[in-house]
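What follows is a group of structures, each given as structure tokens.
Shared chain: chain A. Partners: chain B in the first complex, chain C in the second.
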Partner chain A sequence: MDLFLLGIDGLPRWMWQQLADSGVMPNSQKLLRTGTLVPMKSALPEVSSAAWASIVTGENSGGHNVFGFTDLLDGSYTLGFTSSRTFRAAPFWSRPDAGPSLILNVPQTYPAQPLNGMLVSGFVALDLKRAVYPADAFPWLNEQKYSVDADMSLVEKGKSRFVRELLDVMRIRCEALHHYWDAEPWQNVMYVFTGTDRLNHYLWEDFEDSSSPHHQEFLDFYHEVDREIGRILERLDDRTTLAAVSDHGFARQLRSVNLNCLLAEAGYLQLKPSDRPSYGDMLPETKAFAMDPGRIYLHREGRYPNGRVTDDEAEELMQELTQWLGSVSVAGAPVTAEVVRGGDAYSGPFSHRAPDLIGMPAENVALSGRLNLSDLIEPTLINGRHTYEESSFFVRGENHGEIPADMKVENVLDVILPAREQSLRRAA
Partner chain B sequence: MSTECTATPLAISELLLAGDLILNLSSEVLNTLPGVMYLTEQNGQLRCSETTGQLVWQEGLTTELAGILPDHEINRVVVVCGPDSSVAEQAAAALSGANIRHLLVRLSADCDASAFMDEEDAEAVSERLRQLGYL
Partner chain C sequence: MTNTGCHNAGQTCWSCPAVEFKGHVDFRACGQAAFRKAAQGQLVVECRRRPEIGYFDPNSITFESCSEWKETPDGYLLDGMKVLILGMDGYLGWPLALKLARQGCRVLGIDNMMRRDLVAERGADSITPIGSMEERVAAAREKLDVEIEFRELDLMDRPALAALIEEFQPESIVQFAEIPSAPYSMADVERAVSTVQNNVVGTLGLLFAVRDHAPDASIIKLGTMGEYGSPLTGRPLFEGLFPGDAVLQYQGQEWSLGGELTPRDPVSFYHVSKVQGTFSVYEACKYWWLRSYDVMQGVIYGNSSAELDLDPAFNTRFDIDEWWGTVVNRFVAQAVIGMPLTIYGSGSQKRGYITLRDAMQCITRLIAAPPEPGQYDVVNQVTDVFSVREIAQMVATIAREFDLEVEVQRIENPRVESEEHPYEVIHEKLADRFGFESESAFADEVRHLFRVLLQPEIRARIINQQDTLFPKTRWSGEHGELEVLETWKPAA
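Entry: the complex of A and B
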């Protein structure tokens, strides 16, 4: 095997090191001594769909075309949910020189697309049958009760029940990994733990509060993840490049702020009255609107059917919005830490589909782009949020490339498959 | 020498460089930029032109192309085709055979409904995303 790429969704670099050093993750402690662990920057905005797409294609969103879990169909107000079909750049396993690949539980790969090898899609996957390629792998997975997703509604029945669900789903997925690992001489294997992200979203407060009754459950879950990491390590030899990555970091969330509420209060967003507002309800007077989590789009003439913001007005409006977002506060605290321009953040042939501005959340804040304007601060059980900084990048092996000083998710392939990436760039 | 990528007719300008010669085998009008030339045909002869144009691929075109390239400052030929064109592959193979540096660009539709989840899945996806705070 040339490459094993392990994904640990939402595991911050500092937390991995801390759990390894404290003995919660003993296999990780041994692993981290054998290679290099560095902090990595996520996608902009720091959303899993865009970040995993960057990790597996080596492009930022302007190159692969995934800017979030949602997007509007071009030239319309129709909301679409991004999928594997949204990709406009090939994942590494689909490239002509990739070799046989086993790809399990990578987010944003549903529905499963054909490849030289086998793939079971990760979040957001709905139907196991359509999540599997080739189709003849379905009966065994179905028999094992393989879950394409954990039942997150169980968190309402209690955190302990929710953690048990995450553990059950992870164990079956790991059995599938080892079952199919044995089946072929794979050149590349990629497997992603996603329960870590779900745990962090709902039990972050319990991680931070060592007196919480769920604190130990949080640590025990990571101990189990580490046990599975140990099983993987036992099977790898020194010839395989081993990389482990997370798609974003994590931090405390005290409130989720609806950016569209703020835009409406300030007069930038104007909607027709509706019980279930949609983007089609935006009046022509709308200057800007938000989509999850911090993407802000000018309501541009030519891009949207009723858009009236002209190219001449756009620059002044972006300056105004940037200044306003930097100064606006909710519950006495700032909403954004920084506002980034889409033109500065993205490169590639799909940059024209990018948001005009990206709001980076302030400390303790998560940004939302819901169009339901009933709650400025949204009620939620979620208490952990993604961060742009401090995702994890680890690599060991003799064949990897240099790690950039400012490591980003779109640099992962450059480091772990340097020969293949360089030949691709030379050809381009 | 050769590589393949995807772009929309509008976004192709992101891939183009001054000194490119476009062999447009599609029926689409492309977004262009200064310094890019088009391969066109006039009175049965190939020409490098600054105005946009399309061509139909024919065997033997590469030989004629190789003959006119030295008269122009062309760094690369950009073959543009529709998403399922097999003719473009023949063109790219012929250019490779003639040692002509080139890029094959398959045009993709803009992001229409086919790029997203199927409509019947929308409610279930909404629920999953809602649980993670995205909707």
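Entry: the complex of A and C
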């Protein structure tokens, strides 16, 4: 095997080191001694769909066309969900020189697309049958009760019940990994733990509060993740390039602020009255709107059916919005830490589809862009949020490409597959 | 706020049966998903007809903006919508099949042909000649250039019904396959049991088959205004569910009744079976997220529609006997052969009425505007409220235009019912929410009926079965001739 790329969704670099050092993750402790662990920057905005797409393609969103979990279909107000169909750059396993690959539970790969090897999609995957390539792998997975995702509604039944579900789902996935690992002489294997992200979203407060009744459950889950990491390490020899990455960091969330509420209050967004508002309900007077998490789009003429913001007006409007976003506060605290321009953040053939501005959330804040304007601060059980900084990048040994000082998700392939990346760039 | 003003222009893909629910996703939590429709989160669906869209928010596309929904006189209709009509051989089933097929729907109908046997058992027959289903389907193909598919199948044959639904994958299902006669259900125990079994068990089996094989199909279930009865308090007959501001006061306290099912007070075992059907559908929507409109239809009459009027080969059945005929149709038949119009008791009983033509428009508009998953709603499909005495007077008056002198006869009431009662029907939804506008007034429809029934060959068929017109079935179970109380000639 040439490459084993391990994903641990939402595991911050500092936390991995901390849990390794404290003995919660002893296998990780051994592993981290064998290579280099550095903080990595996520995608902009810091969502898993865009970040994993960058990790597996070496492109930023302008190159792979995934800017979030949702997007408006071109020239319309239809809210589509990004999937492997909208994902426009080739992941490393689809490149001509890739060799047979086993790809399990990688987000943003649903529905499963044909490849030289086998793939079971990670989230958002809503139908196992279509998450599997080749199709003849489905019956065995189905028999194992392989789950495309843990059922989030279980969190309403209690955190302990939810953690049990995460453990069950992870164990079955890991069994599938080893089952298929044995089946072929794979050149590349990629496997992603995604339960870590789910856990962090709902039990982050319990991690931070050591007196919480769920604190130990949180640590125990990571201990189980680490046990599975140990099982993987036992099977790898020294010739395999081993890298482990997460897609974003994590931090405490005290409130989820709906940017569209703020935009509407300030008059930038105007909606027709509707019980279930959608983007098609935006009046032509709308100047700007938001999409999850902090993407802000100008309602541009030519880009949207009723858009009226001209190119001449755009620059002034972006300046105005940037200033306004920097000054607006909710519950006495700022909403954004920084506002980034899409034009500065992306490169590649899909850059024209990028948001005009990206609001980076302030401390304790998660941003959303829903059109239901009933709650500026949205009620949610989520108490952990993504961070742009401090995702994890680890690579074993020294036989790898140079790790940039400002490591980003789109640099992962450059570091772990330097020869392949260079040949690809030469070919391009 | 729509461009066309069609009643369903602003409905979204969440109501569209071509859309498949994939899950609720919380994109604030990395696309964490839940797979029950009852969950919270961003709705995610996929369109079976336009898979190229991928996963999307169903509320972001309206019927008006979707290329699969085509504008028709009855609102936007899903292009080639697959409609399963249960009971297609009946008085309502066949005209609906013609209307929908002509509007571009793909119609499949089933029937066990029971109605023909039951009418024959009474010594009667449709007084307008009707062909076999094969002949009707062939006529539709030949004269209207539409393809209607028919299969002889009994709703009670649950495995066959389930297999059919799985195979056809209907997008709308119209449930007309019920035994529709109050006096038949009161005649004796076998007929009561048969009515209840067919209607109640048949509908229940249908609901399970839909749950298992076509859960996104909308179910248009035919009920009857008779489910409500006629409350002596004068309480309005709301459309199935209490309005939001309805309040129950009791012992100084108040409780909201908004959204609860209104009381039912059926007036025969047939009506009891309809009430049971209502509860079954209501529960299925709640348990399984099925979707349904329950149509509380008034007493129906007439035999015309845009399609039926085109050619006698399209005739729908037209019954006039005590068991299978309805009052307006029977009065016109009686007038045509010089038989007194028979009023039960005082004749002050009020009911809601609607023409066949208007009923077909209403049902089509309901099919065109499917409820959302899990939604159960009720419409009162009624255009007018008359007392039986008023109907007799109006029919007698119109008969004079055809040189017919008509007597009216009051007879002992064979039914157990209130004869003097208030009757306020709320019937606003079809007009307000579904864009229904009546196309046929009572007098015009009755004139049309006279013209049809006065044709010599039709009149001869009425004369042949005149013995079946006078009521014999008593709700009390007693036997013997009903007494004639009074006969008079209505004033001009």
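Everything below uses one rule, namely that the second predicted complex is superposed on the first by the 425 of 428 C-alpha atoms of A that agree within 3 Å, B and C clash if a C-alpha of one lies under 4 Å from a C-alpha of the other, contacts with A are read in each partner's own complex, and residues count from 1 in each chain.
Keep this in mind: a residue touches a chain if its C-beta (ideal position, glycine included) is under 8 Å from a C-beta of that chain, and two chains touch if they have at least 3 such contacts.
Note that the coordinates shown come from a computational prediction; the quantities given were computed from them, not determined experimentally.
K.L.:
With everything superposed onto chain A, say whether chain B and chain C fit together or clash.
P.N.:
clash
K.L.:
Taking the superposition on A as described, I'd like to know which of chain B and chain C A:E217 touches: first, second, both or neither.
P.N.:
In the superposition, A:E217 contacts neither chain B nor chain C.
K.L.:
Classify the contacts of A:G10 with the two partner chains as first (chain B alone), second (chain C alone), both, or neither.
P.N.:
So A:G10 only meets chain C here.
K.L.:
Of the two partner chains, chain B (first) and chain C (second), which one does A:R88 touch, if any: first, second, both, or neither?
P.N.:
first
K.L.:
Please work out whether A:R353 is in contact with chain B alone, chain C alone, both, or neither, and reply first, second, both or neither.
P.N.:
After superposition on chain A, A:R353 lies in contact with chain B alone.
K.L.:
Quick one: is A:D74 in contact with chain B, with chain C, with both, or with neither? Answer first, second, both or neither.
P.N.:
first
K.L.:
Return first, second, both or neither, reflecting whether A:H201 touches chain B, chain C, both chains, or no partner chain.
P.N.:
It touches chain B and chain C both.
K.L.:
Which holds for A:E59: it touches chain B only (first), chain C only (second), both, or neither?
P.N.:
In the superposition, A:E59 touches no partner, neither chain B nor chain C.
K.L.:
Taking the stated contact definition, name every residue in chain A that is touched by chain B in one complex and by chain C in the other, in rising order.
P.N.:
Residues 47, 68-70, 73, 78, 80-81, 83, 85-86, 123-124, 126-127, 149, 152-153, 198, 201, 256, 292-293, 366, 368, 370, 378, 380, 382, which sit in both footprints.
K.L.:
In the complex of these two chains, what residues of chain A are touching chain B?
P.N.:
Where chain A meets chain B, its residues are 47, 62, 65, 68-71, 73-75, 78, 80-83, 85-86, 88-89, 123-124, 126-127, 149, 152-153, 198, 201, 256, 292-293, 347-353, 366, 368, 370, 378, 380, 382, 424, 427-428.
K.L.:
Show which residues of chain B lie in contact with chain A when the two form their complex.
P.N.:
1-3, 5-8, 10-12, 14-15, 103, 108, 110-117, 121-122, 124-126, 128-129, 131-135
K.L.:
Applying the document's contact rule, which stretches of chain C touch chain A when the two form their complex?
P.N.:
My answer: residues 1, 12, 14, 22-36, 39-42, 44, 53-57, 59-62, 65.
K.L.:
Residues of chain A touching chain C in their complex?
P.N.:
Those residues of chain A that touch chain C are 9-10, 47-49, 68-70, 73, 77-81, 83, 85-86, 107, 123-124, 126-127, 148-153, 194, 197-198, 201-202, 256, 272, 276-280, 292-293, 366, 368, 370, 378, 380, 382, 386.
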